[in-house]
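Next, two complexes with chain A in common: one pairs it with chain B, the other with chain C.
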Partner chain A sequence: MDSLYLAWRYLAFNKLRTATLVICVTLIAILPLALQVLLAESERQLLARAGSTPLLLGARGSALDLAMNALYFADETPELISMAADEAIATSGLAMPIPLYVRFQARRFPIVGTTLDYFGFRGLRIAQGRQLALLGECVIGADVAERLGIGVGDSLLSSPEALFDLAGVYPLKMQVVGVLARAHSADDRAVFVDLKTAWVVQGLVHGHEDVTRGEDSSVIIDRTQDNVVASARLVEYTEITADNIDSFHFHGSPDSYPLSAMIVVPNDDKAGTLLRGRYLGSEPPYQLAVPKTVIEGLLATIFRIKEVLDAVILIVAVATVLALVLVFALSLRLRQREIQTVFHIGGSRSTIARLLAAEIVIILLAAALLCALGITVMQPFSDELVRVLFIA
Partner chain B sequence: MRGKTRSAHCLQVLLVLGLMMTAPLLQAADRLVVYTVNYPLQYFAQRIAGDYAEVVFPAPADVDPAFWQPDAATIAAYQQADLVLLNGAGYAKWVGRVSLPRSRLVHTAAGVAADYIETTGTVTHSHGREGSHSHAGTAFTTWLDFRQAAVQANAIREAISRLRPQYADVFAANANALESDLLALDTRMQAIVSAAPDTPLLASHPVYQYLARRYDLNLEAVMWEPHTLPDAGQWLAFERLLKDHPAGWMLWEGDPLQESIDRLQQHGVQSIVFDPCGNAPGEGDFLEIMSTNLRRLDRVFRSNDSGGVFQQGIE
Partner chain C sequence: MIRIETLTFSYPGAEFTLNVPDFRIEPQEKVAVIGPSGSGKTTLLNLVAGILVPQQGRVLCADTEVSALDDPARRAFRISNIGFVFQDFELLDYLNVLDNIIHPYRISSALQLNVDVRTRASELARQMDIGDKLRRRVDHLSQGEKQRVAICRALLPQPDLVLADEATGNLDPRNKGQILGLLFDSVAAHGATLLAVTHDHELLPHFDRVVDFNDFRSDAP
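Up next, the complex of A and B:
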């Protein structure tokens, strides 16, 4: 007890040295622990989302890009497919297709164009307002509502794809009609719109005054008996209202309209196997990926990287321990007079050893306490940290 | 021994009574909610599903369902339905402007999609010289070809049977009865037209394309509304059309204005209502309305066959 008291007084007297030692030990301990916590959380999040998504259909290419875009709405848009692929799945009678078009953003949050089936599939619940009903409406995730401070009745503007795209499509002012209950997933950070609204954002579906009846003849370049050619002066509506919704129309065949991916929910295992067989060869321009396998592959890579990191941390830890030993050895030399005094007042070699051991124990305990505190503080944010650092 | 038999009988009676009392409850819980976009589909679905489904067509009676726009509350009701029966062929354009659960949509006319009639004469437009110019429409009163109507009914049977496979036999029997009725209309319509196959006819509105194609009607359409008196330009176009197409009868979707009837008569054209029945009729059902339509057409073709006009004014 005396040894502990003396060690404590000594450490308290040499504050700077003690603080440096505690920080060194804390850092070397907290790094692998924090990494472990974050990796465990990322594994949980990635696998939970991937495991609940049976199959993903997308263009041939990187299955990882496809999975990250379709599952976590990552910025990287995979090569696009068309609605014809969706129709092929629907008419096969083997599965329910849930199309996704994740390409645009609104105030840095991804706009997810999909159908109402998505909400049922993910078990998403409307906390405020109502479900999507009309073109131009959006339902926002809990994080979007919280961070942007918006809710039902407010509006949200889509962001242009390129800042200086002067010939691009005007941003669409979307009406927020619902806020989703928190789902603790990528859905919290998304702006959901109907697939057709996503095409309006792109300009594929649009509305404008009736050019066959319009009073401003300057917007007409050419007029024949069965066709009117309008110039770029023809203003397209940037907000869909009850007054102009009827003027919104498709150009071209809806079958050719783009999707970034499609969630495929087979009727049963047999249907899933049959479908996967259809997309196996090199002929179909699509790939049917099993998200769980893709994400497990990604996790395997992450864990390989973690093993390397662990090795690096181990080496750094050994170096730190050696440095600590050196610090203590040097401090023994510096403390020769103190040690002599201990001998003079009747202390033995073991007393000196106990004093030093007590100092080490106190430093290690302080570092462990700080470490636990750090991990405890980080834990509630690990969900968000993982999404920001690894997924988004 | 007698006591035991009596107890067994009592138990049986109680069991039967219990089943009778709980059956409606079970059936109500099991009942499908089906929404449709027009009246013919509602009629077909209700005939096929019987008491196993509540079939709803929520459009007000005074609107044309093809051009109706439901409000948010009605759209929410569609979203909650177990099945939403669409007509296809571009009918009910509002469907393209709202969010509906795709997995519960049934395009009933998908089986005849290859036979859709593309309408002509629609002014198209484009944005800049390089763009697409297509706004072409599709004729959408598919059920006026009664064989196509039977295909639509079959699509409804399949969709309902998928959701309630335990009653598939009942649905099949009901669908067969409906198909017989529709094919009887088809046969009768062919027989009517065969009395005077080349009889020139006029339609007040371009909604009879499938009827004309299936039954080989010599039919030309103008663009009039029953409740609006045609303007001078429309009469001029009508007179020009009449020169090339000397019809004695005009088919109307609904009761026309007396002024329209009178003026048509001055041109030697009688009026007849052939109700496409897109919306729910005030009285009767789809079959009764179609039977009335056919009865009227029969008189037109027979009157033409005998070379005379049988009645002044509207039929």
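Up next, the complex of A and C:
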């Protein structure tokens, strides 16, 4: 106990040296620990979401991009598919299609265009307000509501894709009609809209004054019996209200409208197998991916990288430990006078050994405490860190 | 209390050799050692304390042949039986005054640190006029105050033998008499023996006997 006290006094007296040693040990210990926590959390998050999603339909290309966009609403948008794919799945009678269009953002949160089936499929519950009913409405995840400080009755602007494109689509002002209960998943950080609203955001579905009536002739460039050509002066509505909702309309066939992916929920295992067989080979323009397999592949890569990182950290740790041993050895030289004093008074070599051991124990304990504190502080943010590091 | 038998000591590679003829110091005797600088006075104290080991001759303390003990045994003997006031104090900067005074108790299982010891340390510090500085770090003390702390540390275990190397060297004349008085009182109160090195000839009348080192030193050819 006295050795611990003397060691403590010495370490407290040499604050800078002690702090440096503690920080060195802490960093060496916390790096692999934090990495382990993050990887465990990422594995949990990624697999939980992927495991609950049977199949994903998307354009041929990277199955990983498809899964990351459809499951976690990652920024990277995969090659788009059309609504015709949805129709094909629906008419097959083998599965329920849940279309997704994840391409746009509102104040840095992804706008997820989908159908009401998505909410039932994910088990999402409305905590405040109501479900989507009209064009231009949105339901927001718990994190969106919390971070933006908005709720039912507020509005949310979509972010334009190209800020300086004056001819581009203007932001859409969406009405928040519901807030989802926390689901501890990517859904907490999403703004859900009906598919058609997502297309409005893109400008594929739009609303404006009725040019066929010809009330303002200055916007009409050409008029025939079948067609009216309007100029750029024609103002498109940037908010969908009860007054203008009827003016919103499609141009072209809705079957050609884009989707980023489609969740495919087979009726049973056999239906799933049949469907997968249909989308195998090089002919179909689509791929039907099993998200769990895709994410397991990603995790295998991450863990291979982790093994390399572990090896690097181990080498750095050995170098640091050697440096610490050197610091202690040099400090013994610097402390010769103090050690001589202990000897002169009558202290033994074991006294010195105990003092040094006590100093090491205190430094290790302090580093362990800092590590525990660091991990504890990091834990609540691990969800966000995983998203930033592995998903976004 | 102390018996020295034809002692010879020289530092490795040095030309200086200390030769001390047979002499004895009786229990409770107060002996002053004088001599010019470099004559080996401090070396003699270190030999008596077992910090140094003579090449020839014997040093006996309280019937224990200190010079024949191995290193761990000499340390154990020293901490249990000898209080040493070092010339350069040998205090630990990272400890406060009280912790320096009770330091021997913290590093030896032979000495038991308890409330009585702490009370005695405080009382000793008060007598040495540093009672109000017990929580102060020693690197914030004056030389005189450090010397008092060193004396307190040597006296606290109530050793049979007190070795003092210029114990009043850093004190002003007024405090010198006071501290020496306290040192003598404490030594007398516990029936201890005092062997003190000093340059101050004014202090010599206070000692029972004076040993002049001019008689011991010889230089190697």
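Just so we're on the same page, the second predicted complex is superposed on the first by the 392 of 392 C-alpha atoms of A that agree within 3 Å, B and C clash if a C-alpha of one lies under 4 Å from a C-alpha of the other, contacts with A are read in each partner's own complex, and residues count from 1 in each chain.
Just so we're on the same page, a residue touches a chain if its C-beta (ideal position, glycine included) is under 8 Å from a C-beta of that chain, and two chains touch if they have at least 3 such contacts.
Everything numeric here is computed off the predicted structure, so don't read it as measured data.
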Open item on the list: Contact-wise, after the overlay, does A:115 reach chain B, chain C, both or neither (first, second, both, neither)?
Closed with: first
TODO: Using the superposition described at the top, determine whether chain B or chain C touches more residues of chain A.
DONE: B
TODO: Answer with first, second, both or neither: which of chain B and chain C does A:299 touch in the superposed model?
DONE: neither
Open item on the list: Per the contact definition in the header, classify A:135: touching chain B only (first), chain C only (second), both, or neither.
Closed with: first
Open item on the list: Just to be sure I read the superposition right, which of the two partners does A:357 touch: chain B = first, chain C = second, or both, or neither?
Closed with: neither
TODO: With the two complexes superposed on chain A, say which partner A:9 touches: chain B (first), chain C (second), both, or neither.
DONE: second
Task: Touching partner for A:327 - first (chain B), second (chain C), both, neither - done: neither
Open item on the list: In the overlaid three-chain picture, which partner chain does A:345 touch, first (chain B) or second (chain C), both, or neither?
Closed with: second
Open item on the list: From the superposed pair, tell me which chain A residues show up as contacts to chain B and also as contacts to chain C.
Closed with: none
Open item on the list: Residue numbers of chain A touching chain C in their complex, please.
Closed with: 2-3, 5-6, 9-10, 12-14, 337-338, 340-349, 351
Task: Residues of chain B touching chain A in the complex - done: 69, 72, 75-76, 79, 93, 96-103, 121-129, 131-135
Open item on the list: Under the definition above, what is the set of chain C residues touching chain A in their complex?
Closed with: 49, 51, 72, 75-80, 82, 84, 86, 90-95, 99, 103-108, 113, 153
TODO: Using the touch definition up top, name the residues of chain A that touch chain B in the complex.
DONE: 90, 96-98, 115-117, 120, 130-135, 137, 194, 196, 211-212, 221-222, 226-232, 234, 245-246, 248-252
